[in-house]
């Protein structure tokens, strides 16, 4: 589904991604871990073309999204992204946050978008917040809205960049629960996170990134029990596993 | 050592602390937990007079620090405080960060302060960073420097307000280690934290704050195993204990 | 270059130079709210040649720029004809001989002639005749103001030793302010003459203006205007 | 003592009579005030259009359009407004015969347009980059993101700054006497030239400017509070 | 064609001769430029002192001192600088006989002091509250915290803003002709009154202002880059 070949990204001469090759298949739940600054966010943002790769190719369902003339907006509609800082639109209420993109991109009519939004809100238990503004929500509620806002575009893949890092510890659980439900429903997911519990429980594959490369990968059980790479071992011990 | 009686604090008519009574004895390590907005930070800041209590008294070693005419600067010199956001002085190098206050308050001469600083730096393994500026340090290093900056004033009590919340997960360990060492050395400590492992291991007493009151307290083993209060139980289950 | 079918003549002036041009009671001047010797002359020009007059009241320094660029048809503001200026505008025949007056405090005794201004602080108005006359003399601490009134204020405040300005204006100031007197020196201030400025090469308009001025001079009308204005000012 | 006060009062009321009442001179002031206000309004409106245009130019894909926008802002911000007024009047509009009010509007509109363009730019930059990224990641185009997400938020930061620019403009227009417009300052000048009173016309005009600016400032403060309050929703 | 160019060139060089060379008129311009620069420098220095004072007043414990500081800033920001200049010269300094340069320095210093006080205030507010709290919690007094912790950091934000105020001031001083000072603008005016040339003195003076401002702007950009770079240590 997603095929990444030789992906490199350089910021002002500093190489941040140094040649990443990766296949992500339909329905996979890939969890990416790694030390700060190793390029996890940059990798995720390249998949979405929020960063333009310096070299390498990214094929999404066979289409080369890095080719000149690729319809970037169309491609992004197939990939939902959830950010650490929620990035809800503070001037729109929850319903408008969710329906803005489906309506403006012509994907749905206003009524369709509304119906979809309400069924998604029900799914995460926030129906009664439809008329609230982001400023009136807790962090956990904001992030759940951000997730369903992305889902409203019916993406084929969901990308998550540390979706729980900005949350009070109490609210981490409710967001992870929504992500677990989504995983069970069969969504293809790529998740950058520090929540090792989540990785263990949900991931079909764990990638460990270090200095712009995928240093090690494997199924979670095997990966956490027998990390082969020296850097992986020291990282895992530092985060307390 | 610290005696708090009927401490109340109101911000613009919103009561945040609603009558706190608490004795903290020499050498105790008190860990405060509780949901966001329950008043933990405000309580800690009142001890230090960074917030002026609305009513109630605080006695430090018998002296009423809320009395008019109390020498606030002198009192604060006896209490070190460590913040979530480190708050190192970015324009001064590490050594100057540590020695500024002892020298300017007349506690030590320049040379004495320097010697103390170096012995503290050695204690946390950051001797070679004496000449570095805060911008050149990792989060964990910054917080360790912030701790010894406070220690350089030889305080009788150390107050910590979520000292690891702003850190990358990898760096939490090194800071907690410094705090554990400090606890073992017999320092009186009041710590607001979400690190339940630390609470279990180090606390002599755990306070659970809720809506401006101390809702429950106890020794950590007993507290975590058999929380009596309904709110405590739901809080602990939400943070995954 | 007159615009429109109604033969509108745009007259650039700086109406803060009594008795030549000044603003009078709202809406009741000779032309619009404006009165003064120059305004009366302009009115005659309008009568003679069937012009409709529009007064553009601006800073003195902007008047010539308005004429050279054609934003105004003529400049009438007690302007002195000089060779340098002739490079950029054409002047009518002169209609007034300007005598410069030195204004000093009554108590002053050492300023008796233009020569004795040397080494003194003397106020003039930028671009007025006094400015160019004193600039040529050198050795004078010359302060150039934007407005005559500002210069006289500074004189009464004791910050200047003297002000040199055209005699009719000087007389007005001396009447109005206590403690000032006039000193005359015709020998040093070479006689300068007021003329009306028009855009370079506009001979047709210049001829019309000249014909009116010739008539006014022949009939001694300009002296009469001066008396008329003086009387009106007194009341 | 009482005598002295009465004497002073008489002198004062005579001065008031001379400067403002006699020959309805207060009408000059009122007229000038009207011109100052009207000119500031038309100039800020023109400036907003120009500022918007300059912002678009400066965000353009094409280098030469960016250069035009940049040069405009750079030159205006690099020269005194008096110079701009004179150049607009005597060079740009040299041989065009238009109403002075139009010349003033163009000159001060050009002037404030450059500063307004900076305000727009800062307003757009003040919106967190995350908002743009969220919009784009949902598949909205660049202009849709600007229209539906960035501008509605930026407007809150822009409005008070715009109002401040309006106040600046009111004060700047004090120099239009140079192009024969009769604004508040000029009205004071004319009265001074008639009455030879150094203080009263000057202080009266200064007071009027102050009141005008004060009323607007209070309006801005109210606006800012209102916008902040509506942020809390 | 060639003929035409030669003709234009001759006319141009004759104009240059008349406006700048004859009777060493360029000296007027150079002198004016010097006055503009010197006046701006003394005024900004005086303004910094006043601005600092006003900031202290506005942070004072005593209500009436705060009121003084507030009123000063409020009145200056509420009136056109031309009004301030005229009031200072004709009302405040009415019967004091001092050098015009002093009057100019006081008028523009008073003017910029109000704006500089705002710059100081913003600079201090720009430093995170955590810095003050860290300082106080270490037992430093309020003034020690200000001296050793807040000001050294605030200065980095203040310096470029101060330099900008300096540029504003240079442009503002274009009105000192009203009190008979001979600055760059006045030099142009004098030449205009001698030659009655509408364009050349005007454009020459505008160009000089532009160059002056440009050089300073580049200096500020360099300063900002330098300060930012030194932040990275």
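The letters A, B, C, D and E name the chains in turn, as written, and every chain counts its residues from 1.
Here, a residue touches a chain if its C-beta (ideal position, glycine included) is under 8 Å from a C-beta of that chain, and two chains touch if they have at least 3 such contacts.
Bear in mind that the values here come from a model prediction, so they are computed numbers and not experimental data.
A.B. asks: On the document's contact criterion, could you list the chains that touch subunit A and likewise touch subunit C?
C.D. replies: Common contact partners of subunit A and subunit C, which must touch each of the two, are D.
A.B. asks: For subunit A, which other chain has the most distant CA centre?
C.D. replies: It is C.
A.B. asks: Could you tell me the distance, in whole angstrom, between the mean C-alpha positions of subunit B and subunit D?
C.D. replies: Centre separation, subunit B to subunit D: 52 Å.
A.B. asks: Return the distance between the CA-based centres of subunit B and subunit E, expressed in whole Å.
C.D. replies: Taking the mean C-alpha position of each chain, the two centres sit 48 Å apart.
A.B. asks: For subunit C and subunit D, let me know how many angstrom lie between their CA-based centres, rounded off.
C.D. replies: 34
A.B. asks: Find every residue in subunit C that makes contact with two or more other chains and list them.
C.D. replies: Answer for subunit C, listing residues that touch two or more other chains: 61, 65, 69, 147, 153.
A.B. asks: Would you pick out the residues of subunit B that each touch at least 2 other chains?
C.D. replies: In subunit B, no residue touches at least two other chains, as defined above.
A.B. asks: In subunit D, what residues contact two or more other chains?
C.D. replies: Residue numbers touching two or more other chains: 86, 90-91, 94, 198.
A.B. asks: What pairs of chains are touching here?
C.D. replies: A-B, A-D, B-E, C-D, C-E, D-E
A.B. asks: For subunit C, which residues are in contact with subunit E within the complex?
C.D. replies: So the residues of subunit C in touch with subunit E come to 60-61, 64-65, 68-69, 82, 84-85, 87-89, 123, 126-127, 131-132, 143-147, 150-151, 153-154, 157-159, 197.
A.B. asks: Given the complex with subunit B, which residues does subunit E contribute to the contact?
C.D. replies: 128, 130-131, 133-141, 144, 148-149, 152-153, 231-233
A.B. asks: Spell out the part of subunit B that touches subunit A in their complex, as residue ranges.
C.D. replies: Listed in rising order, the residues of subunit B that touch subunit A are 35-36, 168-170, 172-173, 194, 197, 235, 238-240.
A.B. asks: Given the complex with subunit D, which residues does subunit E contribute to the contact?
C.D. replies: Its residues touching subunit D are 74-75, 77-84, 86-87, 90-91, 94, 171-172, 174-175, 185, 198-199, 202-203, 205-206, 209-210, 213-214, 217.
A.B. asks: Where on subunit B does subunit E make contact in their complex?
C.D. replies: 48, 50, 73-74, 76-77, 79-81, 83, 85, 87-91, 100-101, 104-105, 133, 135-136, 146, 149-150, 153
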